[in-house]
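Before anything else, here is the set of structures, which you'll find just below.
Presented sequentially are two complexes of chain A, the first with chain B as partner and the second with chain C.
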Partner chain A sequence: MGNFFLSKKQNVSELSTFYSFLIGFVIALMIGTIILIIQEKNPLETFSLMFRLSLGSVNSFTSSLNKAVPLILAGLGISIINSVKFWNIGAEGQIFFGAIAVNYIYINTQVTNSTMLIFVLLISGFVGGAICILIPAITKVFFGVNEIITTLLTNYIAIGITIYLINGPWKDPGSLNFPAAEYIGEEVYLPTIFGKLSFGFIVCITFTVIAFYLKNKSIFGYELRIAGGSELTAIYAGINAKQKAFIAMLIGGGFAGLAGGIELLGQTHRLSTGISQGFGYTAIIVAAITGMRPIGIFLVGCLFGALSIGGSVIQTVGVSTYIADIIQASTLMGALISQFFFNYEIKRKENA
Partner chain B sequence: MNENILELRNISKSFGETKALNNVDFYLRKGTIHGLLGENGAGKTSLMNIISGLYQPDRGTINIHSRKINKLTPEIAYSLGIGMVHQEFRLIDSFTIEDNLKLSKANIFNKNFDDAYKKYSDIFSLNTDKKRIIADLSVGEKQKIEIMKLIFNNSDIMLLDEPTAVLTPQETEQLKIALQKLAIEDEKTIVIITHKLKEIKEFTEALFVMKNGEMVSKFIDSKSTSTKELVEMMMGEATTYTVKKDNIRSEIKLKVENVSLKDPMTNIKILEDINFEIQGGEILGIAGVSGNGQVELANLISGINKIYEGKVLIKNEDVTGEGVKSRKKLNFAYIPENRLGVGLAPGVSVIDNSVVREYFKTKTALHLSKSKTNKYLNNLVDKFSIKSGNPKAEISTLSGGNMQKLLMGRELTINPEVILASQPTRGLDVNSVDKIHQLLVEQRNNGTAILLISEDLDELFKLSNRLLVIFEGKIIQSFETGEMDISKVGLAMAGING
Partner chain C sequence: MLDIQLIGLLNATLQAATLLFIAALGELITEKSGILNLGVEGMIAIGAVSGFMTAINTENIYLAIIVGILSSAAFASIHALVTVLLKQDQTVSGLILTILGLALSSLMGKEYRGKKLNVKIESLSNNNEPSNFIEVLMSQNIVFYIALILMISVSYLLQNTLFGRRLQAVGEDSKAADSMGLKVNRTQFIATCIGGAFAGLSGVYLTLSYVPYWTDNMTSGRGWIALALVIFGGWKPYRTALGALLFGFLEALVPRLQTYGFDLNPYIVKITPYIITIFILVILTIYKGGRTGAPKNIGIPFFRENR
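Up next is the complex of A and B:
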């Protein structure tokens, strides 16, 4: 290798992220095929079954979109925080905190108008997520503690608190083997707008637009980009880099918290450990595949939602549900590797 | 008569358009201590990299031990006994002295290590046990181990890059004695590379002097050459430039009063009692070898560092302790020494970097207007002839010259009243240097006050109305327009107030 070096390409196509996603996805399907063959299943049949059960009917299509909502919202949160080149591994915990905050406000609220209450509860979810990331944000921005570790650790704390609450103060006496909090009243269920499609999906579209504007268009997003490029340049430009990064982390945590709120109000209707099935982790994959682009996160989030639905139903024909996880993870691997080759070229050293 | 152990003839080396070495001759006698003298950028490092096989010359011949070497690679150089001590130490901090000395395959004292260690510890006046960990040693001790490593690896030609830079006067004296013993007793051939005049005459027997990629003096006798003569060789003929003075306006635009700065950790003084003022239409140059407090001075004048003693006034307004924004309001422009990392944000696009200074002026409602930022960049590209492709490409895809033009353009397009330019042309090709000089002179002629911090004396003499020399954080000497003399400035940069 001594005679070769990597050189950054001057002109990288703006679609390179999209192409590398496609390449990654194809590689992932190939890996999935190999695994299915090893298991002596027919890959073509399995994939077409997954496709039909996730996208083949209105019913399955809307379930897929509902499943996409937490992936997209948490992914957007991760991408906002990544504007300053920080990594949020704590979306999972923020989702739980969002749900906890929603349940807490629901129990203690005085608001009776149900539309108003839903609105208040959604905001509580956002605030809950922001609270969850508060300590990592303070320690990262002001003391330089590695946020990858601290946000990861908050996941365990959040899940621990959830387990305590559903086994203790909020325990539904009716839930015996599977501990959970009491169901929320139907008056605060998120309405469905089309078939089973939850109102949460509308919220999700709205927040995609907000995140896009925030990251790509707004002055705040610009300041985050400069601070992410070099803190010294930010200081040089008179940008309060620490303050901006702090706010970005809270907003990002809030996005994931909102996802938790939507799951509680629209899907599970009760607080339990089932609020998230690893959405916060899958969201990292979604965000990374798209190079942290909000629109891309929306689209890949929808695809991954469908994959999850497809994956969970093929169990019925004896294929492990983990095939969907494998495809998601290998898409990321394939996309990251091909992204690398879009951005760099290998050159021979002169004079060597 | 001693033979030439190493002989380089007519060596040339270019990097792109820049000629780093031009027809350079360099030869070493066995058992002799040589000095290689030259300013930063004179070509000393390029020459050393050729001798140690890292670079291949474009032209020229290399003879080592009277054998012609067609292609000198690092491996061949090493096997021929060429060893180098770099300014940054290359020891393994967590290993013991013994482990570091024995590390190389080429080690010749594996069997009788203890005897050899004792012998050379005595020569270097090193009183420390071989079992000590490198991380626990003082800088001076580490330096000695680095040089001992060359001996243990059987290097006969020892290249030492700025060996005295980190040493105390006592350690410097010990090093001198040690090197002289090595040259006589072990017949080691030694090269000391430096831009410091102070010790070089005492250390060496023969001197080579480089300037602008050329070898201007070869194998001259160190003892009989005066310091003044050396400075003239290093800096070139004392040329006098005429600087326009008629556009100087009497009002003072930048004033620095009794500024001092201490390192908060070590309490060492970095800047001591700095005083100067600049009028509109004037360029004040600050000369000095890098690392004498220039970066710190620029940081506190520009408002990046807010904690220091003394006062900074811009257009008679006291901005001491205030940040960057206060300076922006007063039309102060700063071209930082660190182009990429301070002036420009790496990893961020060209277009984003182009509006760093004035991004608030390119907004519509809460967001940056695409058309306004594009217009802003296109304006800069036209006005300052910047070669830039895709505005969304990362800033580091631009060449150094174009990056600097973008940065300068961004800062100058607002018609600043005060400019602080720190090393504005370092590492740039001739054309870019000219363009940047032109820009600064234009600004000066428009009545702007300019503080120019530079290591490049040609640049300082060409542009400055007055010149200050900074040495170890103090203004050691100041020169008015008529009194600027290149050899006096050179001596002052070496800490000798003449």
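Up next is the complex of A and C:
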């Protein structure tokens, strides 16, 4: 190796992220195939079953889109926070906190107009997510405490609080085997549009556009990029980097919290540990794989939503649901590896 | 004679601390070389499940420990490949390792959930009712002693040997280290795999001794607490051990508070270790004001051409 060195390519195509995603996805499918063969399952049959059950009919296709909603919203939140080069590993907890906030406001509010109430509840979800990231945001921005660890730990805290609530103050006495809070009233269910597609998907599209605008077209997004760059540049530009970073973290947490609210109002209809099945972690993969681009997050989120639906239904034929997780994580790993070949070339030393 | 409850607390503290410390020490070595590996949680899970599977199938505890260590080291080599050789983002790669490790371990351990283990890691003495501090120490199993030996030897290695000095040079300033003729890539690759091996040992301790059984996601955030411990210990082995003892004590104390007469909600009690971890991290970071002792090159890929 001594005679070689790495050189960063100058004009890397914008599409390289897309190509490396495709390569990563192929690698992941190969890894999935190997695992299925080891488990003595027919890979072709399993994959076609996954495909049919996630995209094959209007109902399954629209369920896949519903499943994409939390992945996309949490992924957008992660990408907004990443504008200032911070990480949010706490989307899982923020999803739970969003749902907790929605349930809290639902129990304690007197609003009778259901459209108005749904609107209020969705906002509460957003606020819940922002509350969840408040401590990591304050400690990171103002004291420099490692946000990767603090946001991650808030996941355990948020899920712990959820378990406390559904076994304690909010416990549904009718739910014996599976601890959960009482069902919300049908008047606040998110309406379905067609098939199984929930109104949550429309909210999701709206927020994708908002995130795209916020990150790429607005002054705030520009300020965020400066705040995430060098400290001096921010000072010269007259930008209060700490304030911008703090707001970005709260907004990012809010996006994930909104996802939790939508899950509660549109899917589970009651607070339980089933509000999120690792959506916050999958969202990290979705955000990272697209290079934190909102439109990419939307598309990959839809694909991964279908994968998750496919992964959960193949349990019925005895294939582990973790296959979907492994394919998602391997896609990112494969994409990272192929990114290297797009971004670097190996050169021989001239004087060697 | 010590109070029986105090003995139980002491015992649980040492066990919880051992588990956290070994994983933290491994991460410390990796980070000293300038590589951040956020995959500790996943690596512990891989070591835990592969060790447990080996123990069930072969009933050979030593083989199980070795298999657990080697599988985690091999798993960590993925991170080494992606970040050291291919220069990709260490945060992203480490997170994938955690997600992949948890999913893969759940997949592998599917048939082993709830199975009973017939073998156990041996202790120095087979005293089941230790009555004083020495006897509690003696009743710990060999992994505890391995942890002690690792603590002393890693500290010595880092301070007093050429290998340790080179490792730290790479982590502090990889370009300078490279121009001095040190093999930066090789050092970082090895350090990452060593970190994986340590996490693997921590994992087998979890499934073969601490709990001992297998269930999905049983690492329950310990890998992340180990990461926090490295910061807590200021990248120094003895201080990391001290931190592990403190966290081990909290993990042991909190569920016992109720038996001591405190009326606490068990669900709230479960989340206190995570709250305390955040709290301590915050206090420590404010107190040290930036002088954390972190290796300067941590997270920054090394390029020969930048020389």
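The rule is simple: the second predicted complex is superposed on the first by the 346 of 352 C-alpha atoms of A that agree within 3 Å, B and C clash if a C-alpha of one lies under 4 Å from a C-alpha of the other, contacts with A are read in each partner's own complex, and residues count from 1 in each chain.
Definition applied: a contact is a pair of C-beta atoms (placed from the backbone, for glycine too) under 8 Å apart; a residue touches a chain by one contact, two chains touch by 3 or more.
On a predicted model such as this, the values are computed, not experimentally measured, just so you know.
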* **Which of chain B and chain C A:Leu153 touches, first, second, both or neither** => second
* May I ask you to decide whether A:Gln339 touches chain B, chain C, both, or neither, giving the answer as first, second, both or neither? => second
* To do: Pick one for A:Leu29: touches chain B only (first), chain C only (second), both, or neither.
  => neither
* Regarding the shared-chain residue A:Tyr222, is it in contact with chain B (first), chain C (second), both, or neither? -> first
* Thinking of the overlay built on chain A, is A:Asn167 touched by chain B (first), by chain C (second), by both, or by neither? -> second
* **Residue contacts with chain A in the superposition, chain B compared against chain C** => C
* Counting only touches as set out at the top, which of chain B and chain C does A:Leu134 meet: first, second, both, neither? -> neither
* Using the superposition on chain A described above, determine whether A:Val111 touches chain B (first), chain C (second), both, or neither. => neither
* To do: Identify the partner contact of A:Ala288: answer first if only chain B is touched, second if only chain C is, both if each is, neither if none is.
  => second
* **Footprint overlap on chain A, comparing chain B with chain C** => 8
* To do: Provide the residue numbers of chain A that touch chain B in the complex, in ascending order.
  => 8, 10-12, 14, 85, 213, 217-220, 222, 225-226, 228-230, 232-238, 351
* Asked: In the complex of these two chains, what residues of chain C are touching chain A?
  -> 38, 78, 81-82, 86-89, 91-93, 95-96, 99-100, 102-104, 106-107, 110, 185, 220-221, 224, 227-228, 231, 265, 267-268, 270-271, 274-275, 277-278, 281-282, 285-286, 290, 303-305
* Mind listing the chain A positions that touch chain C in their complex? => 1, 5-8, 35, 87, 89, 135-136, 139, 143-146, 148-150, 152-154, 156-157, 160-161, 163-164, 167-168, 281-282, 284-285, 288, 320, 322-323, 325-326, 328-330, 332-333, 336-337, 339-340, 344
* Structure fact -> In their shared complex, chain A is touched by residues of chain B numbered 55-56, 302, 304, 323-325, 328, 334, 336, 338, 341-348, 352, 356-357, 359-360, 363, 366-368, 389-390, 392-394, 396-397
